[in-house]
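One chain, chain A, links the two complexes that follow: it is found with chain B in the first and with chain C in the second.
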Partner chain A sequence: MSAAATATDVPLPARKKRFNRNEVLAALIFVLPFVVVYAVLFIYPTLQMIWLSFHKAPLIGPGTFIGFDNYVKLFKDKLFGVAFWNTVYFVLLTVVPATLTALAIAVGVNRLKGWMQSLILACFFIPYILPVSVVFRVWGWMFDSQFGILQPLIALVAGDNVPVFRTLPLFMPTVAFITVWWTIGFNILLFIAGLRNISPEIYEAAALDGTSKWRQFTRITWPLIWPVTVLVLTIQLIAQFKIFDQVYLFGNGGRSDATMGLVQLIYRSAFQKNNGGYGATVAVVLFLIIVVFSVLQFQMLRARGEK
Partner chain B sequence: MMKSFLKMALLSTALLMPAVAQAQEVVTWWDFLGGGDGVRMKALLEKFNAEHAGKIEIQATTLEWGTPFYTKVQTSAAIGEGPDVMTYHLSRLPLGVSSGALSEITTDELTAAGLSGADFAESNWKAAQVDGKQYAVPFDIHSVVLYYNKDKLAAAGLIGDNGLPTGLDGVDNFKAALQKLKDGGSEYGISIHSAAGDSQWRIFYSLLGQQDGQFLDADGNFLSGDNLDKAVKATSVVADWVKDGLAPAATEYPASIALFTGGKAPLHINGVWEVPTMTDLSAKGELGFEWGAIALPTFFDHPATWADSHAFAIPNRVGNEVSAEKRAAVLQVIAWMNKNSLAWADAGHIPAYSPVRDSEEFKTKQPNATYSILADTAVFDPSSVLAGVASPVYDAAGNYLMPAVNGEIDPQSAMEQMRDDLQGQVE
Partner chain C sequence: MADIRLVNVSKHFGQVRVIENVSMTIGSGEFMVFLGPSGCGKSTLLRMIAGLEDIDGGEIHIGDRRVDELPPAERGVAMVFQNYALYPHMTVRENMSFGLQNIRTPKQEIAKRVAAAAKTLELEHLIDRKPGQLSGGQRQRVAIGRAIVRDPKAFLFDEPLSNLDAGLRARTRIEFAQLHQRLKTTMIFVTHDQIEAMTLADRIVVMNNRKIEQIGTPMEIYSRPASRFVAAFVGSPSMNFLPVQQLSDRDGKAVIRLPDNSEILTGIASSRLPSDGQVTFGIRPESVKVSANGAVSGKADVVERLGERTLAYVRLADNSVVIAEDEGQSRINVGDQVKLDFDGASSHLFDSRDVAYSAG
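The block that comes next holds the complex of A and B.
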């Protein structure tokens, strides 16, 4: 505000210059706290991580420079391949389903009025505020192979109790389902905010023209909500690429080599096996994967939305 | 000016130090004892603080067992923000020392606190050393035992004249006993925690030890020579129980205990740390049957049971070393805990401190006395940075042993894969 005021008050000769000194100073002062925090807490550690990935080093303390050896090892590592595909599989199982389900629920909730809307919205949002350990305990207990309350239902279909988290083909889909249940509340909120931004007059006009509800959705709601959808998809993509907690908790003690994701590989290399250099290498590769995927996705989806 | 002022300040602090030390040393303590044994430890800590009021105060924090605990210890040691003393698994000691998390404890320090190696079983004391240097003081020996439902066993004729279970030795004998118990109306013959590698590792390692099998030989080779066959045999024993429905498949830890305490399985293999659970349930009259615990039966050539030790270790504090007074206080804590470890036996464990283990009070303490033989037949985890609690060996047990027990992988190929995986991790 003050910077803008100064800009209009200064005499003409000074305004000819591209930047006014006061303006620059004020701008610097305003952005400085952020830049410092960002540099210290993000840029510096990131550079350190990249540097560490060229070393054979423990989790903490100096190591020896080994060039690209860690990267060579990484691409030969069977576990990296498994972790990569598990991560991609998990992303496929969660990102689009979580977004579409959230949109459907948001459209439904948006049609409700008053306290009913608040109540239903709260019901969908409550899981989101639970810590992951609670989510793990609740679902672990419900699916318990001996005493779980879902087992009678499962036994109806499968003929017997099924240890869901110790049956490899069921592991990822179940954890993905739980993740969608757990995190969908936030996406619903974003969609509802988007839906409320659509002017009711457009719907009134459409109603006067006698458009069907479905046409209203495909021709009005969907295009207008598209920017929010892109946002939700991108947030989801980044979050799910970093999958760790749920898979780690549900898979702990089991066949973790077959169920692990990339972050878990980082954790195991760096923290459990004290191989910080290799852990950093996996982290760098995951970082690049996320950057490439999210930029690609955001650009592609935005392009489509602008048509 | 500034320098001399600093000197003055340092000097006055140094002069004040003894006074402060005499006032009260605060010892920060971390442990991972979150179960029934944690309650017993809290009582011990309170007793210590009461006896040392005004001199030493322990401020204790309980953290999550396993990898989270050891990760936190390692990172905090590196920046000098760790505790003053902590509990530590001896099986994990090689990895702890190699990552620089542990501080050496000198003989002088031990002597000053009234402790010596002679007060402990030799193998136990040695397990607290790496390259001849002492890095921990053992506190207990803990193992797995066979919990039994005396009522059900008596009904099946499996209780001998001495009131203890009988006819359980030998692979075939044991399986026949399980069948008899199941035929007698129990849902399972035995309950085991079959959904995770750690519990299966403890049974497996006991059965391997009973055949004198070596998981890791002196040359650093995993399951070399006929050790592989012995490992396959050990795995097959448990896999057979599950295959024939005598033991539950892929069952989680709490459920495996509930199957026993709920009377659905008359036998249960689990750590001695669940003794408090049984004692407490029984005292409240919620168990519904008479229970007991014995050392694992001899399935093969001779008795042997997996064992580990809880010990006390002092973390390194890089750049934030503690005063000599505080270290002395820490060693006093360690010595006091060992001398008072009879109370710790209530948590099911066997005290590491020989004077307590040899005392009349311990010899009459039940059920510990019944299974105290396992202090002599204990087989400890291989001494390697790849072994111990929450180590690659434990992970491998989850990846290969656990699915083999549950019939997902054939024991032969499971053991071969486990061997190759671990061998591939040797650097």
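The block that comes next holds the complex of A and C.
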């Protein structure tokens, strides 16, 4: 706020002088490719999507303007409700557990030294480089209801083999677990980068101050990597709100409406039913949800930072 | 307040020995400075006393307790780090209170001590700021404040002035001296700056290559260095060294011949010197005066005018260079032929193992 105020307080000629014409030109040339690509591939389609959401229209070709009808329809649509709650459920099952687990693993890995640290870190990171199809195959086999390697364990608890992906209450938690396993490497990496940023001298000062391990974590380590925590949470949140691949694959191509997520609903409306207008409407709502959560998380970062 | 005793302390990192059999006693209330070039082991030694590095051999005692097996917090010492190591997310008040909270000091007591320290260090108006909002000098004072509130038996300072600019460094140096006079607590101060060492120390430990070269008062170190290293490291500009032949003896004192064949009578008893006669002659610039009556002559290569005195880098006939002193208003110029008068009585000799011999 104060920065904006001072910027406008500076008399215009004085500000103009600071920029030389060639520099401005060079700067423009450097940013132009990005701005063009961003405008063509992001801004334009986004505006088109919002515009499309006010139409009854197929995916390609002209449609009729119907105002907010799609939005009214959306809030009455039971399937939207199912998709919304499934998505929120999935986000709850993944985001916070993935963040906390990544933090715990990162703190552990950070205490290791030399090649041991690299090895363990690589082990946690490898799943992240797998394509979703491989993840699907690996875990599909492991959970296979007849010869899955995990079934003896499941039988021990449940008394019998369980077709996990065809048991509704187990479906989302299992897919969430697999997603956490798959994506946690990157979060661990972010946390480790944050942890390495903390000067060892601070821990030495803490040791001289007689800080217990737990207090050291809660009063020093975590506050200092709080910005990384918020970053990880935000990245996770955006990624998991867009859940599609895993649920679609494990759900046998989305045959069951009960496991549908919001992106899957967009896919079905727009591409399978060729109802572009309605698909766009769901997409706009998802877009708004993500914007709202991202802003909330950004506020969280600030609130903690200003304390 | 307590004395600190080190007995045969050793330390190695893998194959590399960083401290070898160091023993010393730092008296209760003494201001001891560890002085040496970087990599000499002085900071490691300090960190071993603090408990931040384990020792591989020997014992460390603080007061009447052996502490080398104790964790840092139980040794009763407080440390100020080179980069201050303040907790960046805590305010000045929280930084100073944190250690006391850890040992469950009552809140009122913490508030009292923090207020007292803030007052002493003139930090009262900054008490609710975070380190990021403070200048280097202010952070430095917070780091000292954090040490003071714990009321330690000894303060350990690891090059605390090296991050300050020249003016602030000189001022803070005086504050350290005043702090010691007021608290009268045992203090160990690590530095590579000989001026800090000379001005602050009750005694100086000069270290080089993992070993102690000499322990003594600043003036002992300056006027009776134990080795060539100490002689060269302490004093600015550095002592002049010339390879010489020990010629003869006059009234029991050694006479040496400079490379240009001029002879100088030293104040050093010949009987103490090694018999091989191979010695290095050392003399501080202030004992070499530019003088019309001087016995040695040479050409002024460089003239440095420092205001109260002038330094002349004089090249002798054999090409060796001697730094000599002249008065502030010296009229010598670069290229002039000058005569030098050596005060042999205050000179030093060093044998082939760099052991020093001084007059008296």
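Keep this in mind: the second predicted complex is superposed on the first by the 277 of 307 C-alpha atoms of A that agree within 3 Å, B and C clash if a C-alpha of one lies under 4 Å from a C-alpha of the other, contacts with A are read in each partner's own complex, and residues count from 1 in each chain.
Methods note: a contact is a pair of C-beta atoms (placed from the backbone, for glycine too) under 8 Å apart; a residue touches a chain by one contact, two chains touch by 3 or more.
The shown structure was predicted, so the numbers you read here are calculated from the model rather than taken from an experiment.
After superposition onto chain A, the partners chain B and chain C occupy separate space and fit alongside each other. Of the two partner chains, chain B is the only one that A:Pro163 touches; chain C does not reach it. In the superposition on chain A, A:Gln117 makes contact with neither chain B nor chain C.
More residues of chain A are touched by B (comparison of chain B with chain C).
By the touch criterion defined above, A:Ser294 lies against neither chain B nor chain C after alignment on the C-alpha atoms of chain A.
Superposed on chain A, the gap between chain B and chain C at their nearest CA atoms measures out to 52 angstrom in whole units.
For chain B in complex with chain A, the residues that touch the partner chain are 67, 71, 74-75, 78-79, 95, 98-100, 195-198, 248-252, 254-255, 258-259, 390-392, 395, 398-399, 402-403, 406, 421, 425.
Residues 58-61, 140, 144-147, 163, 165-167, 252-258, 268, 271-274 of chain A are the ones touching chain B in the complex. Within the complex formed with chain C, the residues of chain A that make contact are 199, 201-202, 204-212, 215, 219-220, 223-224. The touching residues of chain C, when paired with chain A in their complex, are 50-52, 71-74, 77-79, 81-83, 85-89, 98-99, 102-103, 146, 150.
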